[in-house]
(Lines give C-alpha, C1' and ligand atoms only; values in the text may rest on other atoms or scores of the structure.)
Protein backbone atom coordinates (compact mmCIF):
# COMPACT_ATOMS: atom_id res chain seq x y z
CA UNK A 1 0.00 0.00 0.00
CA UNK A 2 1.50 3.30 -1.13
CA UNK A 3 -0.79 5.49 0.89
CA UNK A 4 -2.79 4.99 4.06
CA UNK A 5 -5.77 7.20 4.80
CA UNK A 6 -7.59 7.34 8.12
CA UNK A 7 -10.77 9.28 8.44
CA UNK A 8 -11.79 11.19 11.55
CA UNK A 9 -14.74 13.52 12.16
CA UNK A 10 -14.77 16.56 14.44
CA UNK A 11 -18.32 17.87 14.27
CA UNK A 12 -19.09 18.47 10.62
CA UNK A 13 -15.42 18.66 9.66
CA UNK A 14 -13.74 15.55 8.30
CA UNK A 15 -10.03 15.04 8.74
CA UNK A 16 -8.17 12.66 6.45
CA UNK A 17 -4.87 11.65 8.04
CA UNK A 18 -2.63 10.54 5.21
CA UNK A 19 0.58 8.53 5.48
CA UNK A 20 2.83 7.46 2.61
CA UNK A 21 3.20 8.57 -0.98
CA UNK A 22 0.74 10.30 -3.28
CA UNK A 23 1.90 9.22 -6.72
CA UNK A 24 0.57 8.39 -10.15
CA UNK A 25 -1.69 5.37 -10.02
CA UNK A 26 -2.53 3.89 -6.65
CA UNK A 27 -1.88 6.82 -4.28
CA UNK A 28 -3.70 9.40 -6.37
CA UNK A 29 -6.66 7.09 -6.85
CA UNK A 30 -6.94 6.43 -3.12
CA UNK A 31 -7.00 10.16 -2.40
CA UNK A 32 -9.68 10.72 -5.04
CA UNK A 33 -11.81 7.90 -3.67
CA UNK A 34 -11.53 9.05 -0.06
CA UNK A 35 -12.66 12.59 -0.90
CA UNK A 36 -15.46 11.36 -3.18
CA UNK A 37 -16.78 9.20 -0.38
CA UNK A 38 -16.97 12.20 1.94
CA UNK A 39 -18.64 14.42 -0.64
CA UNK A 40 -21.15 11.69 -1.49
CA UNK A 41 -22.07 11.58 2.21
CA UNK A 42 -22.59 15.34 2.17
CA UNK A 43 -19.45 16.03 4.20
CA UNK A 44 -17.73 18.84 2.32
CA UNK A 45 -15.62 20.45 5.06
CA UNK A 46 -12.39 18.58 4.67
CA UNK A 47 -8.92 18.81 6.17
CA UNK A 48 -6.12 16.78 4.62
CA UNK A 49 -3.44 16.12 7.22
CA UNK A 50 -0.34 15.59 5.10
CA UNK A 51 2.06 15.30 8.07
CA UNK A 52 2.83 11.68 7.21
CA UNK A 53 3.13 12.17 3.47
CA UNK A 54 6.73 11.86 2.37
CA UNK A 55 6.44 12.13 -1.40
CA UNK A 56 4.03 13.77 -3.83
CA UNK A 57 4.75 13.50 -7.54
CA UNK A 58 3.23 15.87 -10.12
CA UNK A 59 0.26 13.55 -10.51
CA UNK A 60 -0.27 13.70 -6.74
CA UNK A 61 -0.09 17.49 -6.72
CA UNK A 62 -2.60 17.49 -9.58
CA UNK A 63 -4.85 15.24 -7.54
CA UNK A 64 -4.69 17.64 -4.57
CA UNK A 65 -5.71 20.48 -6.90
CA UNK A 66 -8.55 18.41 -8.37
CA UNK A 67 -9.91 17.47 -4.96
CA UNK A 68 -9.66 21.12 -3.90
CA UNK A 69 -11.73 22.16 -6.93
CA UNK A 70 -14.29 19.38 -6.63
CA UNK A 71 -14.87 20.14 -2.97
CA UNK A 72 -15.28 23.84 -3.72
CA UNK A 73 -17.72 23.09 -6.54
CA UNK A 74 -19.81 21.06 -4.12
CA UNK A 75 -20.05 24.15 -1.88
CA UNK A 76 -17.44 23.03 0.61
CA UNK A 77 -13.78 23.59 1.38
CA UNK A 78 -10.68 21.43 1.37
CA UNK A 79 -7.74 22.68 3.47
CA UNK A 80 -4.25 21.36 4.08
CA UNK A 81 -2.64 20.64 7.45
CA UNK A 82 0.93 19.84 8.54
CA UNK A 83 3.00 20.19 5.41
CA UNK A 84 6.53 18.86 5.55
CA UNK A 85 9.36 21.01 4.24
CA UNK A 86 9.48 18.97 1.02
CA UNK A 87 5.79 19.35 0.30
CA UNK A 88 5.96 23.08 0.96
CA UNK A 89 8.82 23.20 -1.55
CA UNK A 90 6.65 21.41 -4.09
CA UNK A 91 3.71 23.79 -3.58
CA UNK A 92 6.07 26.73 -3.92
CA UNK A 93 7.59 25.41 -7.14
CA UNK A 94 4.12 24.91 -8.59
CA UNK A 95 2.87 28.30 -7.27
CA UNK A 96 0.13 26.58 -5.32
CA UNK A 97 1.06 27.83 -1.85
CA UNK A 98 -1.45 30.67 -2.13
CA UNK A 99 -4.12 28.57 -3.81
CA UNK A 100 -4.56 26.27 -0.83
CA UNK A 101 -5.51 27.27 2.69
CA UNK A 102 -2.69 25.80 4.76
CA UNK A 103 -2.57 25.28 8.54
CA UNK A 104 0.14 24.31 10.96
CA UNK A 105 -2.10 22.98 13.72
CA UNK A 106 -5.36 21.15 13.77
CA UNK A 107 -7.16 23.46 16.18
CA UNK A 108 -6.64 26.52 13.99
CA UNK A 109 -7.66 24.55 10.91
CA UNK A 110 -10.85 23.40 12.63
CA UNK A 111 -11.71 26.91 13.86
CA UNK A 112 -11.27 28.30 10.34
CA UNK A 113 -14.45 26.44 9.38
CA UNK A 114 -16.55 28.29 11.99
CA UNK B 1 31.23 -0.22 4.16
CA UNK B 2 30.00 -3.74 3.47
CA UNK B 3 31.63 -5.33 6.47
CA UNK B 4 32.78 -4.02 9.83
CA UNK B 5 35.38 -5.90 11.80
CA UNK B 6 36.29 -5.18 15.40
CA UNK B 7 39.21 -6.88 16.98
CA UNK B 8 39.32 -7.94 20.60
CA UNK B 9 41.94 -9.95 22.50
CA UNK B 10 41.29 -12.37 25.37
CA UNK B 11 44.73 -13.56 26.44
CA UNK B 12 46.39 -15.01 23.36
CA UNK B 13 43.08 -15.56 21.56
CA UNK B 14 41.92 -12.89 19.12
CA UNK B 15 38.23 -12.42 18.48
CA UNK B 16 37.09 -10.71 15.27
CA UNK B 17 33.53 -9.45 15.67
CA UNK B 18 32.14 -9.15 12.17
CA UNK B 19 29.04 -7.25 11.13
CA UNK B 20 27.64 -6.95 7.61
CA UNK B 21 28.18 -8.91 4.43
CA UNK B 22 31.07 -11.05 3.31
CA UNK B 23 30.87 -10.87 -0.46
CA UNK B 24 33.07 -10.81 -3.53
CA UNK B 25 35.33 -7.78 -3.53
CA UNK B 26 35.31 -5.51 -0.51
CA UNK B 27 33.97 -7.83 2.21
CA UNK B 28 36.20 -10.77 1.35
CA UNK B 29 39.25 -8.54 1.11
CA UNK B 30 38.59 -7.02 4.52
CA UNK B 31 38.34 -10.46 6.09
CA UNK B 32 41.59 -11.56 4.45
CA UNK B 33 43.39 -8.42 5.61
CA UNK B 34 42.14 -8.68 9.18
CA UNK B 35 43.32 -12.29 9.52
CA UNK B 36 46.66 -11.54 7.81
CA UNK B 37 47.29 -8.72 10.24
CA UNK B 38 46.77 -11.09 13.19
CA UNK B 39 48.99 -13.81 11.74
CA UNK B 40 51.72 -11.27 10.93
CA UNK B 41 51.62 -10.26 14.59
CA UNK B 42 52.03 -13.91 15.58
CA UNK B 43 48.46 -14.18 16.86
CA UNK B 44 47.22 -17.40 15.35
CA UNK B 45 44.42 -18.37 17.75
CA UNK B 46 41.45 -16.76 16.12
CA UNK B 47 37.70 -16.74 16.68
CA UNK B 48 35.47 -15.23 14.02
CA UNK B 49 32.23 -14.06 15.63
CA UNK B 50 29.78 -14.14 12.71
CA UNK B 51 26.72 -13.23 14.79
CA UNK B 52 26.31 -9.94 12.92
CA UNK B 53 26.98 -11.34 9.46
CA UNK B 54 23.79 -11.42 7.43
CA UNK B 55 25.04 -12.55 4.05
CA UNK B 56 27.93 -14.67 2.77
CA UNK B 57 28.21 -15.30 -0.95
CA UNK B 58 30.26 -18.17 -2.41
CA UNK B 59 33.29 -15.92 -2.56
CA UNK B 60 32.83 -15.13 1.14
CA UNK B 61 32.55 -18.83 2.01
CA UNK B 62 35.70 -19.42 -0.02
CA UNK B 63 37.42 -16.68 1.95
CA UNK B 64 36.42 -18.32 5.25
CA UNK B 65 37.92 -21.59 4.01
CA UNK B 66 41.12 -19.84 2.88
CA UNK B 67 41.56 -18.09 6.21
CA UNK B 68 40.93 -21.38 8.00
CA UNK B 69 43.69 -23.02 5.94
CA UNK B 70 46.17 -20.16 6.22
CA UNK B 71 45.76 -20.04 9.98
CA UNK B 72 46.21 -23.79 10.26
CA UNK B 73 49.34 -23.64 8.07
CA UNK B 74 50.79 -21.06 10.40
CA UNK B 75 50.37 -23.50 13.27
CA UNK B 76 47.23 -21.88 14.66
CA UNK B 77 43.48 -22.36 14.61
CA UNK B 78 40.55 -20.37 13.26
CA UNK B 79 37.14 -21.17 14.77
CA UNK B 80 33.64 -19.86 14.13
CA UNK B 81 31.25 -18.42 16.70
CA UNK B 82 27.56 -17.48 16.62
CA UNK B 83 26.36 -18.65 13.24
CA UNK B 84 22.95 -17.44 12.13
CA UNK B 85 20.49 -19.91 10.67
CA UNK B 86 21.25 -18.70 7.13
CA UNK B 87 24.99 -19.13 7.51
CA UNK B 88 24.54 -22.59 8.99
CA UNK B 89 22.43 -23.41 5.92
CA UNK B 90 25.23 -22.21 3.67
CA UNK B 91 27.86 -24.31 5.48
CA UNK B 92 25.57 -27.31 5.26
CA UNK B 93 24.98 -26.85 1.53
CA UNK B 94 28.72 -26.60 0.95
CA UNK B 95 29.47 -29.53 3.31
CA UNK B 96 31.71 -27.31 5.44
CA UNK B 97 29.84 -27.74 8.74
CA UNK B 98 32.25 -30.47 9.80
CA UNK B 99 35.34 -28.76 8.45
CA UNK B 100 35.06 -25.79 10.79
CA UNK B 101 35.03 -25.88 14.57
CA UNK B 102 31.82 -24.08 15.44
CA UNK B 103 30.75 -22.65 18.81
CA UNK B 104 27.55 -21.19 20.15
CA UNK B 105 29.02 -19.17 22.98
CA UNK B 106 32.23 -17.28 23.44
CA UNK B 107 33.25 -18.89 26.71
CA UNK B 108 33.22 -22.38 25.24
CA UNK B 109 35.05 -21.16 22.17
CA UNK B 110 37.74 -19.57 24.33
CA UNK B 111 38.11 -22.64 26.51
CA UNK B 112 38.55 -24.85 23.45
CA UNK B 113 41.93 -23.18 22.93
CA UNK B 114 43.24 -24.31 26.35
CA UNK C 1 26.96 -5.32 -25.87
CA UNK C 2 29.17 -2.25 -26.03
CA UNK C 3 28.70 0.06 -23.12
CA UNK C 4 30.99 2.47 -21.37
CA UNK C 5 32.19 1.22 -18.02
CA UNK C 6 30.21 3.84 -16.11
CA UNK C 7 26.79 3.06 -17.56
CA UNK C 8 23.79 1.19 -16.22
CA UNK C 9 20.74 0.58 -18.38
CA UNK C 10 17.28 -0.54 -17.39
CA UNK C 11 14.44 -1.45 -19.72
CA UNK C 12 10.89 -1.88 -18.52
CA UNK C 13 7.60 -2.64 -20.18
CA UNK C 14 5.04 0.19 -20.11
CA UNK C 15 3.47 -0.43 -16.74
CA UNK C 16 3.16 2.07 -13.92
CA UNK C 17 3.90 -0.79 -11.50
CA UNK C 18 7.48 -0.85 -12.78
CA UNK C 19 8.20 2.82 -12.00
CA UNK C 20 9.15 1.96 -8.43
CA UNK C 21 11.83 -0.39 -9.76
CA UNK C 22 13.31 2.50 -11.69
CA UNK C 23 13.26 4.92 -8.77
CA UNK C 24 14.77 2.37 -6.41
CA UNK C 25 17.57 1.73 -8.88
CA UNK C 26 17.98 5.51 -9.10
CA UNK C 27 18.32 5.70 -5.32
CA UNK C 28 21.00 3.05 -5.40
CA UNK C 29 22.95 4.78 -8.13
CA UNK C 30 22.81 8.18 -6.40
CA UNK C 31 23.81 6.61 -3.08
CA UNK C 32 26.68 4.72 -4.72
CA UNK C 33 28.12 7.92 -6.17
CA UNK C 34 27.69 9.91 -2.97
CA UNK C 35 24.74 12.25 -3.60
CA UNK C 36 23.36 13.67 -0.36
CA UNK C 37 19.85 12.63 0.77
CA UNK C 38 18.23 15.80 -0.48
CA UNK C 39 19.71 15.71 -4.00
CA UNK C 40 18.96 12.01 -4.25
CA UNK C 41 15.33 12.66 -3.33
CA UNK C 42 14.85 15.20 -6.11
CA UNK C 43 16.68 13.12 -8.71
CA UNK C 44 14.37 10.25 -7.79
CA UNK C 45 11.37 12.51 -8.35
CA UNK C 46 12.62 13.77 -11.73
CA UNK C 47 13.27 10.23 -12.91
CA UNK C 48 9.79 9.19 -11.76
CA UNK C 49 8.21 12.01 -13.76
CA UNK C 50 10.14 11.26 -16.92
CA UNK C 51 9.38 7.55 -16.78
CA UNK C 52 5.70 8.18 -15.99
CA UNK C 53 5.50 10.46 -19.04
CA UNK C 54 7.18 7.84 -21.21
CA UNK C 55 4.71 5.17 -20.07
CA UNK C 56 1.62 7.38 -20.18
CA UNK C 57 2.07 9.93 -22.97
CA UNK C 58 4.84 8.30 -24.98
CA UNK C 59 4.00 4.62 -25.12
CA UNK C 60 0.36 5.14 -24.10
CA UNK C 61 0.58 2.04 -21.90
CA UNK C 62 1.22 -0.17 -24.95
CA UNK C 63 2.57 -3.33 -23.30
CA UNK C 64 4.71 -4.08 -26.35
CA UNK C 65 6.62 -0.82 -26.04
CA UNK C 66 9.48 -0.37 -23.65
CA UNK C 67 10.89 2.53 -21.70
CA UNK C 68 14.68 2.55 -21.80
CA UNK C 69 16.49 4.26 -18.96
CA UNK C 70 20.22 4.86 -18.98
CA UNK C 71 22.34 6.16 -16.13
CA UNK C 72 25.75 7.55 -17.05
CA UNK C 73 27.97 8.18 -14.07
CA UNK C 74 30.23 11.02 -15.10
CA UNK C 75 32.97 12.53 -12.99
CA UNK C 76 31.10 15.86 -12.86
CA UNK C 77 27.49 14.80 -13.17
CA UNK C 78 25.01 11.98 -13.25
CA UNK C 79 23.23 11.87 -16.58
CA UNK C 80 19.91 10.03 -16.97
CA UNK C 81 18.25 9.48 -20.32
CA UNK C 82 14.73 8.14 -20.68
CA UNK C 83 13.52 6.98 -24.05
CA UNK C 84 10.05 5.95 -25.14
CA UNK C 85 8.70 4.59 -28.42
CA UNK C 86 5.72 6.87 -28.93
CA UNK C 87 4.90 9.58 -31.44
CA UNK C 88 7.00 12.26 -29.76
CA UNK C 89 5.91 15.82 -29.01
CA UNK C 90 7.14 19.37 -29.13
CA UNK C 91 7.87 20.57 -25.59
CA UNK C 92 8.00 24.22 -26.69
CA UNK C 93 4.26 24.24 -27.36
CA UNK C 94 3.11 23.13 -23.91
CA UNK C 95 0.95 25.36 -21.71
CA UNK C 96 2.87 26.99 -18.86
CA UNK C 97 1.72 25.37 -15.59
CA UNK C 98 2.69 28.54 -13.72
CA UNK C 99 0.40 30.78 -15.77
CA UNK C 100 -2.30 31.96 -13.33
CA UNK C 101 -4.96 30.57 -15.68
CA UNK C 102 -3.43 27.13 -15.46
CA UNK C 103 -2.81 26.89 -11.72
CA UNK C 104 -5.91 24.81 -11.16
CA UNK C 105 -5.20 22.37 -13.97
CA UNK C 106 -5.18 18.78 -12.73
CA UNK C 107 -2.05 17.96 -14.77
CA UNK C 108 0.81 19.49 -16.69
CA UNK C 109 3.46 19.88 -13.95
CA UNK C 110 5.73 16.90 -14.68
CA UNK C 111 8.22 18.66 -16.92
CA UNK C 112 8.28 21.61 -14.52
CA UNK C 113 9.26 19.18 -11.78
CA UNK C 114 12.03 17.75 -13.95
CA UNK C 115 13.41 21.17 -14.91
CA UNK C 116 13.34 22.30 -11.28
CA UNK C 117 15.04 19.27 -9.79
CA UNK C 118 17.73 18.66 -12.39
CA UNK C 119 20.46 20.99 -13.59
CA UNK C 120 19.74 20.22 -17.21
CA UNK C 121 16.77 18.75 -19.11
CA UNK C 122 16.75 18.35 -22.88
CA UNK C 123 14.16 16.78 -25.13
CA UNK C 124 14.92 15.35 -28.53
CA UNK C 125 13.12 13.17 -31.00
CA UNK C 126 14.99 9.90 -31.28
CA UNK C 127 16.10 9.22 -34.89
CA UNK C 128 14.38 5.82 -34.74
CA UNK C 129 11.15 7.21 -33.25
CA UNK C 130 9.93 8.22 -29.83
CA UNK C 131 11.25 10.89 -27.52
CA UNK C 132 14.42 10.88 -25.53
CA UNK C 133 14.89 13.17 -22.58
CA UNK C 134 18.36 13.75 -21.18
CA UNK C 135 18.64 15.02 -17.64
CA UNK C 136 21.79 15.86 -15.72
CA UNK C 137 22.51 16.54 -12.07
CA UNK C 138 25.88 17.87 -11.03
CA UNK C 139 27.85 15.95 -8.45
CA UNK C 140 29.54 17.63 -5.53
CA UNK C 141 33.16 18.40 -6.43
CA UNK C 142 35.28 15.27 -6.12
CA UNK C 143 38.37 15.18 -3.94
CA UNK C 144 41.41 15.08 -6.21
CA UNK C 145 42.80 11.57 -6.28
CA UNK C 146 46.31 11.32 -4.89
CA UNK C 147 47.16 8.34 -6.99
CA UNK C 148 47.01 10.41 -10.15
CA UNK C 149 45.26 9.98 -13.48
CA UNK C 150 44.86 6.23 -13.36
CA UNK C 151 42.52 6.23 -10.41
CA UNK C 152 40.01 8.67 -11.83
CA UNK C 153 37.75 6.28 -13.66
CA UNK C 154 37.19 4.21 -10.58
CA UNK C 155 36.54 7.32 -8.58
CA UNK C 156 33.81 8.29 -10.97
CA UNK C 157 31.85 5.27 -9.86
CA UNK C 158 32.95 4.89 -6.29
CA UNK C 159 32.85 8.30 -4.72
CA UNK D 1 12.09 -2.08 -28.26
CA UNK D 2 9.87 -5.17 -28.25
CA UNK D 3 9.49 -6.68 -24.85
CA UNK D 4 6.76 -8.66 -23.24
CA UNK D 5 4.78 -6.71 -20.69
CA UNK D 6 6.12 -8.72 -17.78
CA UNK D 7 9.81 -8.21 -18.44
CA UNK D 8 12.42 -5.98 -16.86
CA UNK D 9 15.95 -5.80 -18.24
CA UNK D 10 19.07 -4.39 -16.69
CA UNK D 11 22.44 -3.97 -18.36
CA UNK D 12 25.60 -3.15 -16.45
CA UNK D 13 29.21 -2.69 -17.33
CA UNK D 14 31.57 -5.35 -15.95
CA UNK D 15 32.25 -3.90 -12.54
CA UNK D 16 31.75 -5.65 -9.22
CA UNK D 17 30.50 -2.32 -7.82
CA UNK D 18 27.37 -2.69 -9.93
CA UNK D 19 26.36 -6.08 -8.53
CA UNK D 20 24.56 -4.44 -5.62
CA UNK D 21 22.38 -2.55 -8.12
CA UNK D 22 21.35 -5.87 -9.62
CA UNK D 23 20.57 -7.53 -6.31
CA UNK D 24 18.60 -4.54 -5.07
CA UNK D 25 16.54 -4.59 -8.26
CA UNK D 26 16.09 -8.31 -7.69
CA UNK D 27 14.77 -7.63 -4.17
CA UNK D 28 12.29 -5.14 -5.57
CA UNK D 29 11.06 -7.54 -8.22
CA UNK D 30 10.65 -10.41 -5.77
CA UNK D 31 8.87 -8.15 -3.27
CA UNK D 32 6.58 -6.79 -6.00
CA UNK D 33 5.47 -10.27 -6.97
CA UNK D 34 5.00 -11.45 -3.42
CA UNK D 35 7.92 -13.77 -2.69
CA UNK D 36 8.38 -14.34 1.03
CA UNK D 37 11.51 -12.94 2.74
CA UNK D 38 13.29 -16.27 2.74
CA UNK D 39 12.77 -17.06 -0.95
CA UNK D 40 13.68 -13.50 -1.88
CA UNK D 41 16.93 -13.81 0.07
CA UNK D 42 18.02 -16.92 -1.80
CA UNK D 43 16.99 -15.59 -5.20
CA UNK D 44 19.08 -12.50 -4.43
CA UNK D 45 22.06 -14.73 -3.63
CA UNK D 46 21.67 -16.80 -6.83
CA UNK D 47 21.46 -13.66 -8.94
CA UNK D 48 24.56 -12.26 -7.22
CA UNK D 49 26.51 -15.43 -8.00
CA UNK D 50 25.47 -15.51 -11.64
CA UNK D 51 26.30 -11.85 -12.21
CA UNK D 52 29.61 -12.16 -10.36
CA UNK D 53 30.52 -15.10 -12.63
CA UNK D 54 29.56 -13.12 -15.71
CA UNK D 55 31.73 -10.16 -14.64
CA UNK D 56 34.65 -12.24 -13.42
CA UNK D 57 34.87 -15.41 -15.55
CA UNK D 58 32.75 -14.38 -18.53
CA UNK D 59 33.72 -10.79 -19.31
CA UNK D 60 36.96 -10.96 -17.29
CA UNK D 61 36.28 -7.43 -16.04
CA UNK D 62 36.53 -6.03 -19.58
CA UNK D 63 34.88 -2.62 -19.13
CA UNK D 64 33.62 -2.68 -22.73
CA UNK D 65 31.60 -5.83 -22.14
CA UNK D 66 28.19 -5.79 -20.54
CA UNK D 67 26.26 -8.18 -18.37
CA UNK D 68 22.63 -8.34 -19.44
CA UNK D 69 20.09 -9.41 -16.84
CA UNK D 70 16.48 -10.12 -17.67
CA UNK D 71 13.64 -10.77 -15.23
CA UNK D 72 10.56 -12.42 -16.66
CA UNK D 73 7.63 -12.40 -14.28
CA UNK D 74 5.61 -15.47 -15.15
CA UNK D 75 2.38 -16.51 -13.53
CA UNK D 76 4.03 -19.65 -12.14
CA UNK D 77 7.64 -18.59 -11.75
CA UNK D 78 10.15 -15.80 -11.86
CA UNK D 79 12.75 -16.43 -14.54
CA UNK D 80 16.09 -14.64 -14.49
CA UNK D 81 18.58 -14.84 -17.34
CA UNK D 82 22.12 -13.52 -17.08
CA UNK D 83 24.19 -13.14 -20.19
CA UNK D 84 27.85 -12.31 -20.59
CA UNK D 85 30.04 -11.72 -23.63
CA UNK D 86 32.97 -13.94 -22.78
CA UNK D 87 34.31 -17.15 -24.27
CA UNK D 88 31.79 -19.42 -22.64
CA UNK D 89 32.51 -22.67 -20.81
CA UNK D 90 31.26 -26.18 -20.39
CA UNK D 91 29.61 -26.53 -16.98
CA UNK D 92 29.65 -30.34 -17.18
CA UNK D 93 33.45 -30.41 -16.82
CA UNK D 94 33.70 -28.48 -13.56
CA UNK D 95 35.15 -30.06 -10.41
CA UNK D 96 32.51 -31.02 -7.84
CA UNK D 97 32.83 -28.65 -4.88
CA UNK D 98 31.30 -31.32 -2.62
CA UNK D 99 33.97 -33.89 -3.42
CA UNK D 100 35.91 -34.38 -0.17
CA UNK D 101 39.13 -33.50 -2.01
CA UNK D 102 37.70 -30.14 -3.02
CA UNK D 103 36.16 -29.06 0.27
CA UNK D 104 39.08 -26.80 1.12
CA UNK D 105 39.18 -25.12 -2.30
CA UNK D 106 38.97 -21.36 -1.99
CA UNK D 107 36.51 -21.11 -4.90
CA UNK D 108 34.18 -23.15 -7.07
CA UNK D 109 30.91 -22.97 -5.10
CA UNK D 110 28.98 -20.33 -7.06
CA UNK D 111 27.11 -22.64 -9.40
CA UNK D 112 26.35 -24.94 -6.46
CA UNK D 113 24.76 -21.95 -4.72
CA UNK D 114 22.69 -21.16 -7.81
CA UNK D 115 21.50 -24.74 -8.25
CA UNK D 116 20.61 -24.99 -4.57
CA UNK D 117 18.66 -21.75 -4.32
CA UNK D 118 16.76 -21.85 -7.61
CA UNK D 119 14.34 -24.48 -8.88
CA UNK D 120 16.00 -24.57 -12.27
CA UNK D 121 19.40 -23.51 -13.62
CA UNK D 122 20.40 -24.01 -17.24
CA UNK D 123 23.54 -22.95 -19.05
CA UNK D 124 23.73 -22.38 -22.79
CA UNK D 125 26.18 -20.80 -25.15
CA UNK D 126 24.56 -17.75 -26.67
CA UNK D 127 24.42 -18.00 -30.50
CA UNK D 128 26.16 -14.61 -30.71
CA UNK D 129 28.85 -15.49 -28.16
CA UNK D 130 29.10 -15.60 -24.41
CA UNK D 131 27.15 -17.68 -21.94
CA UNK D 132 23.57 -17.29 -20.90
CA UNK D 133 22.29 -18.85 -17.72
CA UNK D 134 18.56 -19.20 -17.16
CA UNK D 135 17.34 -19.59 -13.60
CA UNK D 136 13.79 -20.06 -12.43
CA UNK D 137 12.14 -19.86 -9.03
CA UNK D 138 8.56 -21.02 -8.59
CA UNK D 139 6.05 -18.62 -7.14
CA UNK D 140 3.60 -19.60 -4.45
CA UNK D 141 0.30 -20.67 -6.05
CA UNK D 142 -1.71 -17.60 -7.06
CA UNK D 143 -5.27 -17.10 -5.84
CA UNK D 144 -7.61 -17.59 -8.76
CA UNK D 145 -8.79 -14.21 -10.02
CA UNK D 146 -12.54 -13.68 -9.68
CA UNK D 147 -12.71 -11.31 -12.60
CA UNK D 148 -11.84 -14.09 -15.01
CA UNK D 149 -9.26 -14.47 -17.75
CA UNK D 150 -8.72 -10.81 -18.44
CA UNK D 151 -7.27 -10.05 -15.06
CA UNK D 152 -4.60 -12.72 -15.16
CA UNK D 153 -1.83 -10.78 -16.84
CA UNK D 154 -2.03 -8.00 -14.32
CA UNK D 155 -2.06 -10.55 -11.54
CA UNK D 156 1.18 -11.97 -12.83
CA UNK D 157 2.86 -8.71 -11.99
CA UNK D 158 0.91 -7.52 -9.01
CA UNK D 159 0.49 -10.45 -6.71
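Which chain is which? They are A, B, C and D, in the order written, and residues in each are numbered from 1.
Basically, a contact is a pair of C-beta atoms (placed from the backbone, for glycine too) under 8 Å apart; a residue touches a chain by one contact, two chains touch by 3 or more.
Here the structure is a predicted model, which means the values were calculated and not measured.
Where touching is counted per the definition, subunit B and subunit D have no chain in common. Centroid distances from subunit C, each centroid being the mean of CA atoms, peak for B.
For the pair subunit A and subunit C, the distance between C-alpha centroids works out to 29 Å.
The distance from the centre of subunit B to the centre of subunit C, with each centre set as the mean of the Cα atoms, comes to 43 Å.
In this assembly, the C-alpha centroid of subunit A lies 54 Å from the C-alpha centroid of subunit B.
With touch defined as above, residues shared between interfaces to two or more other chains in subunit D number as follows: 17.
None of the residues of subunit B touches two or more other chains. All chain pairs in contact, by the document's touch criterion: A-C, B-D, C-D.
Residues of subunit C touching subunit D in their complex: 1-15, 17-18, 20-21, 24-25, 28-29, 32, 63-66, 85, 157-158. Within the complex formed with subunit D, the subunit B residues making contact are 23-25, 55, 57-59, 61-63, 65-66, 68-69, 86, 93-96, 99. By the touch criterion given at the top, residues 16-17, 19, 41, 45, 48-49, 52, 56, 97-98, 103-110, 112-113, 116 of subunit D touch subunit B in their complex.
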